[in-house]
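Next come two complexes, and both contain chain A; in the first it sits with chain B, in the second with chain C.
Take a look at the complex of A and B:
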């Protein structure tokens, strides 16, 4: 692959990451099922479902929770295309690689054997691999729904309402702001590199270039993180998240919270 | 005769970054209501001094006092002390990107007042007024990191002006701006400062100094090399050459080619 293509792909990736953030804010401001709940209900409810997913040992229960997540997504105006490209395909790729050995290494009843008998897939192995993939898909889908349907500052404020330590919330606030700055800086660095790159770079040259860029980016990131924090501190930020909208629990929120918790408890009980 | 009260008093302040000195025994006094320009080449200590004045860091030697009280790390551990200071002294960073961290321009401008504990109604009213004053009402719901350089600077300025601070510290406010945006920003600063506000601007753009300051401190290697009125400083070619603020400018008048220091005073240069 030419250096131009490598750098081009990186630039497109960085631009896409910034675009995703913008889409998230737009989705969070649309009317929808999740958006109608108090942010604390969204955080508690969805994280409760994530906990249920991780505690369930039955694939049918995990798949049912995944279906519930899809239904919630549709009712919250989150497109399935967004979930497919940002969650399902990525999770399938990474978790698939981790789950693959389980197909062959888990002892049990063979359901497929290669012609020479060297490799065999067992029913137990297939179930383990499928359970792992389904669990990660469901958990990441639910977490993504939370982030897509809730402005980030509301998520942080809700976390503080659950007594999550101020330091942790501050770290999340900084990371969120800082990651965009870093993506933008990286994008500019790659653009500048592309404008000065002529011809085709060999594999080792590309690797060297990437390593150098990563090194410079790391140095810049330390400086940037410090400046971002100082800028927040300069305007009175002391770690507590303060936003305009005050959280208020209404009847609808209690109904939602109860529904989330009932589903989560049922799932844990049925999936034990 | 009435004594003029100083708002900042810096005495023999030193500061270093990982062993590299940024300020070396710097001393200066800033009076209430003054418009100050800190000029100096890159690395002369302008930005560090602004951070010290904003109590974002504290001197390793010497003192920085605000209204007669030394600014110390211990004092800033008290919430009421920090909030009161941040309400009165605001800093606009050189790179607006580090200052804009909220999802929308409205949220960005509302960030400071919310930290001060203002009521929701007050925050909304004050933010709307500030957006109007800065001519950025149309950007209200836009994401700050998607704005142009000039727009980002305006939002960054709005995000601190909303607090109506007594002292405004500006770090290179016109850098990276096109001439029109630069001129608009200077107009805004002039319009805002009025008579009771203190404005301290760090810059190496000498052409804006006369417009924004009535007193100038020239910084050189972390200390004050000279101070005086804008006119006095800008007419001292030797000083500006020594402080790396001007360069030799070669040009032609008819058949005669000559060179002289490239000054930025509003006066025409003499031949």
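Take a look at the complex of A and C:
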């Protein structure tokens, strides 16, 4: 791969991550079904549905949960195009490639055999491949809905409600904050390197360049952590983390939570 | 290597969440005990760094590119406990914020990459670089080997998690309910890519970063170098104190081992070849398999492989001891003693190879 394409691929990856985050923030601010619920209900409800998807043994139930996820997406103003490009096609591509050989490798009753008899698709193979794809599509769709419809800070506060240790929540918040800073810094470093590069770099030169960029980023990261620590200490940080929690459950939230749980329990019961 | 939701059964996910929880608990305890509030921003920024590093495309020999995990450099700079937390945080953000990797499989992903990856990288790096000076070339070899081994160990564990799914979770018609491939397919399929590409990428980026730090910021390589006498002394004294509770726990667990003889029958699938031919054994197999009759003959593979190794203390029952409970207890003590001997042997090997401060490679 040429040096320009290598740097370009890294830049695209960094830009895509930043772009996804922006889309999430925009969708989370729109009025919609999920957005109207307390973040704790969103986290508990959607995770309950994800759990129901993994517990269901029947394709029909898993597909019904996928349809429910699509309905929730539409009511939450999440564009189907976003779900198609970000979830469904990606999952279909990766899980499809993984599931495809199962059609032929799973022993069972043949439903299709090639003319020379070399390959045969079994009913059990088709079922297992379809079940895997449907399950992953449904689970990833539900997880993506949570990601798209809940601002990150609300997810963190919801995690506190689920007794996740304060240090962990604080580290999650800080990491999220600095991912964007470091991603932008890395992006600028690669961009400036690309603008200074004339000709084609050999493979070893590209590896050295990537490692040095990562090294500079590492030094900057450690320096940044020292600065952050000094800033925290100067503001009186002594290891105790306090997070404001202004969430309040209303009747609507209890209705939503009950609905999510009823659907999840029904799906588990029907999908046994 | 990020396992999405749907590939692993809920019970596998639950077990791996418990495993990950133990790893997080241990890492957090160690961070709280040995470290100060400075570790919170350090781990956070390192998690962010690892996250960004995972997006770097690294050109590899042969014209392909690979992505690093970032676990090796995290272990080398902030130690295994910090690395377990930093990589777990990065994986959690990928799952919760970017939808990359599952939520039900978060525990599995953290066990594979953050916990197994960090521990393997740490042991490999410390063993190979033991006694080497900070600027020694041996540290580059150690970083490369640590990265390669950590990635492949994590991939192997993930492959085993995939491979046991069809063995354990099928519906009444024999259809695998989760990842459909057995260990024989999952392990080679997973390992080929990691042995050839991902492991090389992790090793290459770790080597490049250690080489960069040797020249630009060697102080960052000190914490896991084994060359700081003061810190290692503090580590030893703290470890000895903290080990007391562990010894008490091990002793209690040992005393409880005879409980095993109270359980009826054997664990499902742990049958001997001889049980397939004996009527009582066949009845036990059928009873524990939802009344599915056992095969009429002993499976040939089982028959062939079962004679390869004869355990010195078969069925946890030493021949010289008549009481099953006492036999179980003695077997447990022997097993624990064997594990401890191996650990002490590894420790003494590490200590013998560790040189003094600044000692050249």
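We take it that the second predicted complex is superposed on the first by the 192 of 272 C-alpha atoms of A that agree within 3 Å, B and C clash if a C-alpha of one lies under 4 Å from a C-alpha of the other, contacts with A are read in each partner's own complex, and residues count from 1 in each chain.
Here is the rule we use: contacts are C-beta pairs under 8 Å (C-beta built on N, C-alpha and C of every residue); 3 or more make two chains touch, one makes a residue touch a chain.
Treat the numbers as computed from the prediction; the structure is a model and nothing was measured.
Colleague: One more residue to check, A:250. First (chain B), second (chain C), both or neither?
Modeller: neither
Colleague: Check the residue A:99 against both partner chains and state whether it touches chain B (first), chain C (second), both, or neither.
Modeller: second
Colleague: Is A:151 in contact with chain B, with chain C, with both, or with neither (first, second, both, neither)?
Modeller: first
Colleague: Quick one: is A:237 in contact with chain B, with chain C, with both, or with neither? Answer first, second, both or neither.
Modeller: both
Colleague: Pick one for A:172: touches chain B only (first), chain C only (second), both, or neither.
Modeller: It touches chain C, and chain B stays clear.
Colleague: Looking at the overlay, does A:127 come into contact with chain B only (first), chain C only (second), both, or neither?
Modeller: second
Colleague: Output check: A:224 vs chain B and chain C. Expected answer is one of first, second, both, neither. What do you get?
Modeller: Both partners, chain B and chain C.
Colleague: Using the superposition described at the top, list the residues of chain A that contact chain B and also contact chain C.
Modeller: On chain A, the overlap between the chain B and chain C contacts is residues 152, 177, 181, 224, 228, 232-233, 237-238.
Colleague: Would you tell me which residues of chain A are touching chain C in their complex?
Modeller: 1, 3, 6, 9-10, 13-14, 17, 20-21, 24, 47, 50-51, 53-55, 57, 86-87, 91, 95, 99, 101-102, 105-108, 124-125, 127-129, 131-132, 135-136, 138-140, 143-144, 146-147, 152, 155, 165, 167-168, 170-172, 174-179, 181-183, 186, 203, 206-208, 210-219, 221-222, 224-226, 228-229, 232-233, 237-239
Colleague: Of all residues in chain A, which touch chain B in the complex?
Modeller: So the residues of chain A in touch with chain B come to 18, 22, 25, 151-153, 177, 180-181, 184, 224, 227-228, 230-238, 242-244, 246.
Colleague: Note which residues of chain C are touching chain A in the complex, please.
Modeller: 4-10, 13, 24, 28, 36-38, 40-49, 51-53, 55-61, 63-65, 73, 77, 85, 89-90, 92-93, 95-99, 102-104, 171, 173-181, 185, 204-205, 207-209, 211-213, 216-217, 220
Colleague: Applying the document's contact rule, which stretches of chain B touch chain A when the two form their complex?
Modeller: 51, 54, 56, 79, 82-83, 86-87, 90-91, 93, 95, 97-99, 101-104, 107, 110-112, 114-117, 120, 123-124, 143, 145-146, 159-160, 163
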